[in-house]
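In the two complexes that follow, subunit A is the common piece, with subunit B as its partner first and subunit C second.
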Partner chain A sequence: MRDVLYLAWRYLAFNRWKTAILVAAITVIMFLPLALELVLERSSERLRARAAATPLLIGAPGSPLELALSSLYFSGEAPAGLVYSSVGEIHDTGLALAIPLQLGHRIGAQPVVGTAPDYFGFRGLPLADGRSLAITGEAVLGAAAATSLQAGPGDAVVTSPETVFDVTGTYPIKLRVVGVLAPSGSPDDEAVFVDVRTAWIISGIGHGHEDLADPGASGSVLKRDGQNVVGNAALVQYREITPDNLADFHFHGDTAGFPISAVIAVPVDEKSGVLLEGRYQGTDSGVRIVRPAGIMDELLATIFTVRQYVLAAVALVAAATIATIALVFLLSIRLRRAEILTMTRIGAAPGRVAAILGAEIMLVLLASSVLAALLTWLVTAWGDELFRWVLLSGYQ
Partner chain B sequence: MIKLRNLDFRYPGGVFHLRVPALDVRERERVAIVGASGSGKTTMLNLLAGIILPTEGAIEVAAHRLSTLSDSDRRTFRISRIGLIFQAFELLEYLTVRDNLLLPYRISPALEESSDTRAQLERLAAETGITDRLERRPDELSQGERQRAAICRALITAPQLILADEPTGNLDPDNKRRVLDLLLAQVAGHGATLVMVTHDHDLLDPFDRVIDMRDFHGGESP
Partner chain C sequence: MNRKTRPKVSWLALLFIGTASCGPSDDAATTAETTAADGHVPTVYAVNYPLAWMAGRVGGDAVEVRLPVPDGVDPAHWQPAPETILAYQDADRVLLNGAGYAGWIRFASLSPGKLVDTSRGLDDRLVPAGGTTHSHGPGGEHDHGDVASHTWLDPTFAIAQARAIANALIDLAPDRKTEMVERLNVLQAELTGLDGALAQAFSGLPAAGILYSHPVYQYLDARYGLAGRSVSWEPGQDPGEAGWQALAQRLRERPAAVMLWEGEPLAATADRLRGMGVEPVVFETGAAQPAMGDYLALMNENRHRVASLELVNQEDTH
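Now for the complex of A and B:
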């Protein structure tokens, strides 16, 4: 057997380019359907798990898919129109815990998620370092975000301006990092968490500046009208929330009417969930309630339908490739007639010659299998990210 | 060494007809077979090697009646007792000269490579002047070197009989004589019997006997 393998190996090594092309072709036809299946399987499991772990989502009327994708994966924009009072309304029903989500800002590539500290408990996100959110202006980083931003407790991160061309837009706000979450293998790893008030300040809804009532700030006063004081252009807006200037940050208006992207509702039990759904469904309350698991199942069902067509196409290509490879082997045997004849004339049994030729095929298949397995492993390791990127890129 | 009696051979469906009433070759004898193209010289070698079997009659080589051996036994007999040399050398292009010389050991489980085999290989290579070519591939060798390598491959198993089919046919005149001298010296050194097909009458002097295929009523059957 050793001699058979040795002769087969020498032949393949001598014809290395032909061998490499064969191995590459077979690797591709092995790898493609395998990788597609694995990536879809694993990714859909993760997507389903994330969706299933989020019982109910409440948002403004619009695309349920966009609401689910933005609230679960922090990608794209949630349909606008939901206000903060919704959180109180849900809470007041006593049917569910209401966790607000305010999305839409970024620090570099990392999404900023305005939420309540309850979110960490709900998602089961323990801190790896530092502490949780306590006051406005603080941030807790997901594990991947901390690595990406190269920041940890005690460091500061600055929000990205929405557009560099909009001089009247929101100011970048410097946030103090107080904690880093342990890796969870979920989109939470990529996020920068702040409280909802901080998110509003990043949006420009709230702001901080020197106290114009202070006599020392007279240089920044445009006019005084009774209790109302109007600042002039010299008024300096704070770009960092610190314990010293925290009191100077304020909101004009009632926070109940301030926008939020969505509310995660965590019913106290199954019945409460159904009751809560009933309250919002079919009403003209201007609020939509969805079960993310159902939305994700619909999305994945569409993807799996497409998969069938892709697999069918791959199968056709594979059949054509296998036929071509078989032809290559047959032609190769024909070209090697003199060599085969020499071996049999010297005294090789036909079975031995067949074993040598078979060993060549086996070695090519083995090399292709190893390569396909390696590629599949790589895709399995990185496939979730890849799949999520492919799936969600349209919503970024 | 070789005994042929009442041999009759026809290719199935063909018109070629070879008849050998009787032929004996002694041990260590050096026999040349001559004849026109199509006279059956190569067929005769194939019969002696047991590659093909006669339609009638008997062939005995080294006291083994070939037609009574099974296919497997005949192959084992051939690879261990008979060395074959071909006109076109028939070295495998993807193997080094060393691996080509060891080919009989690689293609037959009946032969087992040992330290003696490797010593034999080195000795043959040294005697034929191809020691520095052992790690080269055939296409890196001259025609003469290739045929010397082919001779070494035929002798590697220390066979009792060497069957050479026009081994000088592809060589220039200088190399013809040199390779033939080398072949004869090696055959003599190993105490083997040589049967060589040639159509080059200038090379017949060193042979003990010359057989003309016309004596065997070769040719087309009626």
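Now for the complex of A and C:
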């Protein structure tokens, strides 16, 4: 038997390129459906888990899927149209805790999430270093964001401008990092958390500048008209919020009317959740309430339907590949007629020759199986990092 | 699905976010409310002394009331350290005065659900402070803070705030509702009594004319129809010659016999005022915790000072 395996091995080693192509083709056919199944299974589990842990989402009318994806995974376009007074209105019902989310800004590739202190308790996000948000202008980084931005408590991070060519757009704001969250294995790891007021300042709704009523600010005053002071172009707006200039920051208008992207509502109990849904559904309140778990189930049902088509396509490709491989082996036998004749003439029994050819096929299949198993293990162990690398490479 | 509303999320991104996400904490939904039902005494933080005093009076031992403002610091202009703000975050409720009082609240990261604005729903009773507006950029004309904030100087406003506090505390410890309602009734009666006493004390002053050393008495002024005017003098500082000249001009335009001060003015200032026919009277606002006594005792001391002055004025007018 060893001589059969030795001769088969020597043949495969001699025709190394042909062997490598065969092994690669069979590996792909074995690995693809396994990996697809594995990734989909894990993805769906975790998508469902995050959605299920977010009882209710409240946002402006529009795509519920967009609302769920942006609010839960900080992905895609930030929805708009909700006002901050919605938070108070939900609290006033006594039915749920309301956690505001203001999204849409970025620091590099990291999403900036404007929220309230309740968010960290709600998601169960302990601090690994530093302290939580206390004052406007501070930031707490998710674990991956801290690594990506190479920042920690005491450092500063600068928000990315909305558009490079918009000279009238909002200026970047320098934020002081006061804490870093422990890794959670969730989208929170990628986020830069700020207070919702800080998010408004990043948006340009709030700003800081020297007090124009102060006689010392005369260089920045265009004219004084009764109780109104008009600033000129020399008036410099602050780019960083510090304890020294904090009092000079202000918002224009009532914060109740300021925009937020969504509100996470955490009902006191199941009945309260149903009552809260009832209050918003079917009304002209300009507010939409959704259960993220239901939305993600719908989305995943669509994905699994598509998966069936993908698997069918993979099966067809696999059948074609197997037929091609069989053809390769058959043609190979024809091409090796002289070699087989030589083996017979020097005393090899016909069964021995067939065993050598069979061993060659078995070795190719074995190598392909081992390689496919290895790749599947890699996806299992390093899938998160792999997908993160693929995704982030798109921003660079 | 409408093309405009289609989320711009690639399949790969979707798979990633699913792969990268994980289950949340199981106890997340339980953070919504903390009540006394589990034996934990709810902690209530206030932004000034009158609120803390009213919360203590209504709540009794059902709640733990804290006011972390250091001694000698005006809560209106206090800027707490981040660690102190984190302590406010940990409270079960934070009592706000409303009306723009305590500017640090605007820049503190606090949970909206824990904030109790004791002036909420009282917009029609807020008194304009008067201020400077400014314009720059596309935002147009705006100002920063347009209502007076020392609301509790009107005892009837304080009663409304006490009711808001009582509602918040009952929400925290519903099993102690009966006793809290009883204590609220007692407090309301006391504040109503204070209101009547202050009205009587101030009854002779409007005709005599009144000045305020600082623009903090708007609610007192509005409640008792005093029609006073404010300067911005500090008790421990000389107003300067320009200040005195401005005051003399004001007195020529409209005479005044009394000036209310938040604290004891400098002796030289008091003497010069008396020389101009203006009697300085200390009327403490009670924003910070008094060294002795409580809010009610402080207001009664204020009232006694005003009432004794009223006799002088009446003698003068005869």
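One rule holds for everything that comes next: the second predicted complex is superposed on the first by the 348 of 396 C-alpha atoms of A that agree within 3 Å, B and C clash if a C-alpha of one lies under 4 Å from a C-alpha of the other, contacts with A are read in each partner's own complex, and residues count from 1 in each chain.
Keep this in mind: a residue touches a chain if its C-beta (ideal position, glycine included) is under 8 Å from a C-beta of that chain, and two chains touch if they have at least 3 such contacts.
Predicted, not measured: the structure shown is a model, and the values here were computed from it.
**Q** Using the touch definition from the top, say if A:L7 reaches subunit B (first), subunit C (second), both or neither.
**A** Only subunit B is touched by A:L7; subunit C is not.
**Q** Tell me which partner A:G286 touches in the superposition: subunit B (first), subunit C (second), both or neither.
**A** neither
**Q** Looking at A:G154 after the superposition, I want to know if it touches subunit B, subunit C, both of them or none. Which is it: first, second, both, neither?
**A** A:G154 sits against neither subunit B nor subunit C.
**Q** Using the superposition on chain A described above, determine whether A:G121 touches subunit B (first), subunit C (second), both, or neither.
**A** second
**Q** For A:A349, decide between first (touching subunit B), second (touching subunit C), both and neither.
**A** first
**Q** Should A:N15 be classified as contacting the first partner (subunit B), the second (subunit C), both, or neither?
**A** A:N15: touches subunit B, not subunit C.
**Q** May I ask you to decide whether A:V178 touches subunit B, subunit C, both, or neither, giving the answer as first, second, both or neither?
**A** second
**Q** Could you say whether A:G278 touches subunit B, subunit C, both of them, or neither, answering first, second, both or neither?
**A** Neither subunit B nor subunit C is touched by A:G278.
**Q** Looking only at contacts as defined up top, I'd like to know whether subunit B or subunit C touches more of subunit A.
**A** Comparing touch counts on subunit A for subunit B and subunit C gives C.
**Q** Pick one for A:R46: touches subunit B only (first), subunit C only (second), both, or neither.
**A** The second partner, subunit C, only.
**Q** Both subunit B and subunit C contact which residues of subunit A?
**A** In subunit A, nothing is touched by subunit B and also by subunit C.
**Q** Going by the contact rule set out above, which residues of subunit A touch subunit B in the complex?
**A** 3, 6-7, 10-11, 13-15, 338-339, 342-343, 345-349, 352-353, 356
**Q** Inside the complex, what are the residues of subunit B that reach subunit A?
**A** 49, 51, 72, 75-76, 78-80, 84, 86, 88, 90, 92-95, 99, 103-110, 137
**Q** What residues of subunit C sit close enough to touch subunit A in their complex?
**A** 1-2, 5-9, 12-25, 27-29, 31-33, 79, 82-83, 85-86, 89, 103, 106-113, 130-137, 139-142, 144, 171
**Q** So in the complex, which bits of subunit A are touching subunit C?
**A** Per the touch definition, subunit A meets subunit C at residues 39-40, 42-47, 49-50, 53-55, 62-63, 65-66, 69-70, 72-73, 75-77, 87-88, 91, 94, 96-98, 100, 116-118, 121-124, 131-138, 178, 184-187, 189-190, 195, 197, 209, 212-213, 227-232, 235, 241, 243, 246-247, 249-253, 266-268, 299, 303, 383-384, 387-388, 390-391.
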